[in-house]
Every structure is written in structure tokens, then in C-alpha cells.
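Chains: A, B, C and D, in written order; residue numbering restarts at 1 for each.
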Amino acid sequence: MAITANEERHAARAREAATLAQDELNTADGKMGDGDTGVMLRRLFGAVAAAIPDQETDLGSVFQACAKACASGTGSSLGTLVTVAMMTLAKATKGRSQIGWDELGPLLALVRDQMMARGGAKLGDKTVVDMIDAVANALVDVRTRKEASEAARKAVIETLDAFRDRPNRLGRARMFGERTVGLDDPGMLAFSRLLVAVAA
Amino acid sequence: MKKLMNSPDALVDEMLAGLVAAHPSLLQEERVIRRAGGTKRGKVGIVSGGGSGHLPLFIGYVGDGPLDACAIGDVFAGPSVDSCIQAIRAANGGAGVLRLYGNYGGDRMNFDLAGEMVDVDHIQTTTVLGTDDIASAAPDDSVKRRGVAGIIYAYKIAGAKADAGAGLAEVTATAQAAVNACRTIGLALSPCQIPGAAKPTFELGADEIEMGIHGEPGIWRDKLRPADDVADEMVRRLLADPVAHKSERVSVLVNSLGATPLEELFIVYRRVAALLKREGLTIVRPLVGHYVTSMEMAGLSISMIHLDAERERLLAAPCACPFWRV
Amino acid sequence: MKKLMNSPDALVDEMLAGLVAAHPSLLQEERVIRRAGGTKRGKVGIVSGGGSGHLPLFIGYVGDGPLDACAIGDVFAGPSVDSCIQAIRAANGGAGVLRLYGNYGGDRMNFDLAGEMVDVDHIQTTTVLGTDDIASAAPDDSVKRRGVAGIIYAYKIAGAKADAGAGLAEVTATAQAAVNACRTIGLALSPCQIPGAAKPTFELGADEIEMGIHGEPGIWRDKLRPADDVADEMVRRLLADPVAHKSERVSVLVNSLGATPLEELFIVYRRVAALLKREGLTIVRPLVGHYVTSMEMAGLSISMIHLDAERERLLAAPCACPFWRV
Amino acid sequence: MAITANEERHAARAREAATLAQDELNTADGKMGDGDTGVMLRRLFGAVAAAIPDQETDLGSVFQACAKACASGTGSSLGTLVTVAMMTLAKATKGRSQIGWDELGPLLALVRDQMMARGGAKLGDKTVVDMIDAVANALVDVRTRKEASEAARKAVIETLDAFRDRPNRLGRARMFGERTVGLDDPGMLAFSRLLVAVAA
């Protein structure tokens, strides 16, 4: 079993998940930011879903198209990090028509590192990066879709729980300091909602 | 919160279309607004940008004087990297381009990325970040502060410097010095709503205010008090914030965040002027009005910039853009 | 509705104090604001006035060009007869004074009384009333119509005529012709609250709008619709209203009543411009922004004035007052 | 029995009545106008009460002082008509230290006429003028405070009732036409509240 470029399905799921989660994510961001995470992701994944080329088997080209859609579609913090992720995946999967389930973890680790380099977040700052880190670690030894899906679900729940009572240390949310204790970071929440939807 | 719009997703593009229709001195190229005349050959270009929802920022300051171009994002979201590249190119007159914008994560990542990408075009770029919001980080952490309304002083001053023929390094240093000399504090009375969101971003009780805002909940929540009390506290906090090179001459901006009417701004300005006079400060060219907003949010911000002789001269230099004329 | 103020009874005087502190080109004498420079000897003076709560109207248009002085009342209440007398005297440069203000009962009684009383000083006065609000009476009853935002066109045009040296009769005729050529329609999204009142003046449901307003409930209540639909209806009503001397060239003012942000105004302007173009009309010097408000009320008005060659020239003449510069 | 210049008491009562009626009158004006009748009258009668000269026995001088306070204190429609009333009363009572109860009706009729001349209202337009007209008529034959007080009370109630279901024909309220049917005119209401308080 492997992941192929039959990605429209994933993209469509991501778009639907973003639409469904829109109000929840806006509300989460409204508590420690400017309240736009949900609107932004709904719009972004709409653009991504529309950009996926038909009949393309090269994963690198698929992710490249996604990256392009992101790069011209948004400049929000999280949106830009999604662009970085797409660019990283495009480079890493260039020329390949499938990747194994065991490659997912290392790929996400690469995404995490690129996001940290670009955005300046450190592990523990309570951002989307912490969530990606947790999922990357959880996927290290998986071999099948089922294993991957279960490990990812478990990781996102545990990570939300683990970070909820810590303060945000980056971006707009940093300003609210201790007031963010007890709240989910909107970026972490967003990644968890998308992942669960795509893994379903 | 009722909005006159057609759809949340069309809002920014329709707003831009209306804006350039009303202001023929501006040209639109997708999510970039530039001067119709272009940047004079040999003049340092100044580019800014950021999320929509803050009119007249940024677009209203594109013109003869402040900005040459700006890149516009969705409401409260930074401009895309593509728009940043396009704006830098539009602002380029061959003498380099200063990227002058507020210190927000998304904006920074995109303008940085854009800067790296236009290197290929041999456009030299520099960066100065607006960091005037004293509520957003402690003084010893001031590089983490966000840019709010005070950035328009940096636009005006750096723009006049560039107009006078200064080179990129000089214009950059002038802009940085203007940012360093400027402090802002904000106050929210009521929230705004992101177009497409189901409800306002935050809620405030009928008798509550918040200090230190910009479309988000504030840093301190407080009871609504008489205008003079509120002005006193805001000015006290502004004056208490350390500034390296203070001056006896300052300019002051009392800015509506959107719904707060001029009547209330002038009541507050009256008190601010009295307080600063008592401190021995002289106010030069005060600005009172809607300069940097967050849509229909109610509240105001007070900015103060210390003026050395050069900054005072540059502030007084002629300029003509849709929302500021000297 | 939260307001930054100290007390309802001090609001107007504190607002005026702040306003003249921020704008040294203006002088305050009790409830009268006049140009610091005074009226040039031999120039026809133009005086206006009305209730407070409509900034930048009226005060913001006192300066080189539009008005020489204005008399200010309490919020939404006409100026007292004493203030009217004082303002007429302040505007007098020896060549007579035009009283140019909105058609409201209180304002009229007081300006009329004042006119009778300054007769004793041998100041010749004339009157032109703003009557642009098409929602306030039927076309055949247009003398009963109120003056709303469109009056600023009459200020600018009559002011430029006076500046050019015309006599009182000519300035008066020019102002009257400008009023006759101008129509306004307004739209409310949310009410405002009189300072000191216990609650907002009226209530609107979350999905309701009203047409034809100015701090009061509207004439027709309707459902909130997309901006383009609303603009279509407003423009249709404007165009349907008879005007004696139509022109192919018009100016248009899309004006925020207070809380409605520039973003929404530009979305509406975009549509208005397209509709008028389709009608074969050319828009000259459009104005989009906060020109005549009702405090924190949300909503907007659209004004259109037909321009003959003289009015177009007068509209383009230089002027410099705090809230309008050409 | 007669009315003397011991008017501070009346003025103080009017001020209190205006304060008490403020919200009611704002609300009434908010339905067919700009919602300021109450605020305006509270402020106006505050100024009038403060302006009454101590120890003055000449009624004309007392009303003259009231008229001056009004003329510099307000320019609202109703406020200006109050100024007109004060000026009319000042002229009519000049040099007199008292007036009889039987003179009240004719004095009010004079006030009514001056208001009509200045404001252009006609009888039946549903304005304060109709209320003053009704009270003036009701007071024609009274001889004592008690009679005057009773006649005035009766007249204001009957007049409010009589006009409630007619449309307003003047001022801002005119624009609302048939929507004013069923509502009290704020100026009529204001005069009724003040009169009842002063007559108490």
C-alpha cells in the first residue's frame, strides 16, 4: 500500500473539513488573535482543491500546484506556513508517483523543520509546529493506512490535551500570555481537524 | 454586525475596484495598488502592505509622498508572497526599495520571501518594521511589538526623505528612526466581525473597555470611565514607555478604529493636548480622524512621535495621497 | 452604545475645544467657529450651522473656500439664536452674508430671527436652504425636504463663487442652483444614541435596513440585501427624482453616516460608478468617506449633483479647510 | 388670588419635571424624530431655573430672564418655541407684579399665536401648538388656582387622546406620515408633563 497522486480526494476532504471547521476555528482565533483562522483556511483549501491538476501522477507536480495556489492565495501566518509545507512536500516528492506510509513521518518532520526555519517558532511555543512535530513522531513506524490513521488521531488528541494548559508563546497569541492557558491554539486545532478529515 | 457587501470572498477585490475608481491617482494590479504615475527613476521606492480591513491604511497613503505601492491581503491576513513580489517590483525606480510594514508574522514571512525572490531581479531591498504598539510587548522586548497606527508617521517621514533624493540606506535609517521615536496605545469599545465569520471576534460587556487592541481582544480589560480618565491612563502609559531620543516637540495622532466618531476623538484630543502641554511638550501637526481602522470596530488609538529637526521638516514636506495631504 | 465622553452636557463644548486645539486655522467663540484669518474685506460671507453630532459637518468646512463661520447647537438641536447672530457677524466682511444651512424647523427659526436682529447692524443677509434629501418629501413638495450630506457641494460651490469676488445676489443664486441640482438618499444599518439618552433613538432588527435617514428612523424599512442590490435601489430612486437642469456630468458623494467603514463605501461606490456610467453620466471628482455623519450610526448616503460648466469649475477651485482640500 | 413673581418654585418644578420626563420624551421623539426632546428640555429648564433673578417682583423681568436663557441655550424646534413663549410672556407682563388666574387663558392664546407666526404650524398639525391652544381655551373662565389646575389637567389628557390617532403634519414627524398614527407628539407630551408638574 502506498500514497499516490490521486489526491483530489484528499484535497476535497480538506476543503470540506475546512468549511465545516470554519466557525470553530474563527472562534478559537478570536480568543487569542484576530478571529480569521477559519475564514482563511476555508478559502485556502478551496483554492488548493481547485488547483490540483487532473490526471497528474507526479506527486511533486501535485504539491507544486498546491504550493502555487497557496502562494498567491494567502499571506496569513498559518496560510503562509501551509505554503511552506506544500513547497517542502513538492521538493521532497518530485519525480515520484507514490510514497510509502512509512515515509509520511519523516516527510512531516521535514515540513516541521522548514516551518520552524521560516516562521521562527520553537518547539513548545504552542503553535501548529508542535502539532506537526507530534504527528511526525507518531507516524515514524507505521506501515499501513490504518496504522497511520490511528496513530495520527491519537497523536492530535493527546497533543491538544498536552498543550491546552500551557501559554502561547508566539504570534498574536503571545500577547495574551496566561490568558491563553486552558485554550486550544487555533493552528493546532486546525491541523488536527484537517488531519482527522483527510485520514478518515 | 451588518455589513454592506456582496459576499465575503469578493469583498477585498470589490473594495479595491471601488477605491481605484474613486481615486484615479492609483492603479490596481490584482492585489497590488501603485501610483498611476509610477516611481520616479532614481527615487528609492517605499512599499508597504498587510491585511485588508484597515482603510485608509495602506492604500490611502500611496501617492506623492508616502508610499509607492502596497500589497493587500484578505481581511486581517497578510498579503500573499506573490503580491509582495509584485508590489516591490512596482515600487522599484532603480534605487532600491524599502519594505516598511507592521511587525506581524504572516506579513514578515511573505515580505521576506518576496525580498529573497526579487534579489534575482537585482532589486536591492531593505526592511523596517512598524513596532509602535506598546501594549503588545514590554519595552525590553520591543522588537516583538506590533505595528499599529503610528506607522503612518514612518510612511510620511521616510517618503519625504526618499522624495528629497536620499539613497536606500539613508531612507531606511530615517524610517527606522521614525519607528523608534513613535509609540501607540489603543482602546477598544466594541469588536468587529471578519466578513464571513458567524459572529464578532470578541465580546465586551456594555460597561467594558479594553486597552491595547487592533481587531483582537485587548490586553487589559477595564470598566468604561469618563473620557478624561481614559485619556489620562493612555497618555501616562505612553509617556512611561522609554524612548531613546526624546524631544520637546512631538506630533500626536488620535485615531478612530472605525465606528468611534470625530466628536469623541476631539474630546480625547483636547485632554491629550492639555496633558502633554503640562509635561512641557509642544504638539506639532496633530492628526485627528480615521487614519488606521479595523472596519466597524469602536475605539481609538493615540500615537505620539518625538520629532528631531529633520523629522519635523520631513513631516511638513508636501504630500498628496488620497487620505493625507500637506 | 458606549461613548468616550465626560458628561452629556459638556460634550459639545469639549468637542469644540479639542477641534480648535487640533486645527489652529479655526477660532472658537462660544458656540461659533470661524476662520482664524477672518473674512476678507469685501468678500461675501457664508455662514452655516446646525446641531452637533454631524462632524465633520459643519465645522470641518470652515476655511479657505467653503464657509466663513458656523453656529453649533447641542447634539441634533439647532444653534441658538444668539449663536446664529454671532456667526453672521463673524462671517461679515462688509459685502453681506449668505445663510446656507439645512432645512430644519429649529435651524430656520433661529437663523431667521438672527437675520432680523442683525438687520440693525446693517448686515445684509440672504438664505439658501439645503433640501437634498429625496426621502423626506415628494418631488412636488420639495421645499419641505431636509438638507443632508449634499449640502457640502453647495458649500464648496458657493464658497468658490464668493472667493472669486461675486456679490451677495450672485453667490446666493449660485448656492440655490447647486442645491437645486443635488439629490441625496440615505440608508441606515444601525441607530445612534443621543448623549444622555437612556437608549438608542430607534431599533433595527439584525437583518433590517432603513432608507432615508439622518439620526432618525427611516422612511421605508427593508431587509438587508447584498450591497449591489441596495446600491441599485438607491441609484434608481436618485435618478427617478426630477431635476430641472440635468447634465451629463455629475459629482457623486458616497458618505458614511459614522460607523460604516471605508471598505463598504468603496464597494458601494464601485457599483454606483458602474450604474451611472451605464446611464451615460460622467462622474467628476467623486467623494468617498466620512463627510456628514450622525455620530456612531451605521449606514451611508449617496448624493449626486448635476454640474454645469460653472459648477464644475467652482468645484475644482482650490480650497483648504480641515476636512476638504482641493 | 393671583400668580406672582415667586417663580423660582415653578421653575424648579419645571426643571424636575423635565428631568423626570427625559427618557419618556426621548423615546416619544425617537419614534418620529431624532430622539432628543427629553435631553433638550432637561437642559433648557435647568438653564431657565438657574436664570431666574432673585428677589425680582416684576413678572416681565422674570420672563425676560427666562427668554434670555432660552435664546442662548437652545435652537431645537421645541426649544425655540419655548423661547418665543418666554419672550411673549415677558412683553405681556412687563411692569406687573401679579396676574390673575383669569388672565392665564388669554396669555396662553397669545403665546400660541406667536408660536404659530414663528414656526408656521397650523392648528391640527399635531404639534405643541395644538396642546397650548387646548389649554388656553380650557382656562378661559377659571378664577382660582384650583380651577385652573383642574381645567388644565383635564385639557391635556383630552387633547393627547384626541390627537393620538391623527397623523403628524409638521417638522421631522411629518415625514413619517401615517406611521405617527397611534403615537403621541413629543412636543404635546412635553407640554402636558410640564403643565401637570407646575400646576401641582
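Basically, a residue touches a chain if its C-beta (ideal position, glycine included) is under 8 Å from a C-beta of that chain, and two chains touch if they have at least 3 such contacts.
Just so it is clear, the model here is predicted, and its values are computed rather than measured.
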Target subunit D, source subunit A, minimum contact steps: 3
Euclidean distance of C-alpha centroids - subunit A vs subunit B, Å: 31
Subunit B-subunit C separation of Cα centroids, rounded to whole Å: 30
Distance from the mean Cα position of subunit D to that of subunit B, given in whole angstrom: 53
Multi-chain contact residues (two or more partners), subunit A: none
Junction residues of subunit C, two or more chains touched: none
Chain-chain contacts as defined at top: A-B, B-C, C-D
Of subunit C, residues touching subunit D in the complex: 8-9, 51, 71, 73-84, 104-107, 109-110, 113, 135-137, 144, 146, 194-202, 212, 214-217, 219
For the subunit D and subunit C complex, residues of the former touching the latter: 22-23, 26-27, 30-36, 38-40, 42-43, 71-81, 83-84, 118-119, 170-172, 174-176
Residues of subunit B defined as touching subunit C within the complex: 2-7, 11, 14-19, 21-22, 52-53, 55-56, 189-190, 206-207, 209, 224, 226-228, 230, 254, 258-271, 273, 286, 288, 290, 293, 295-296, 298, 300, 325
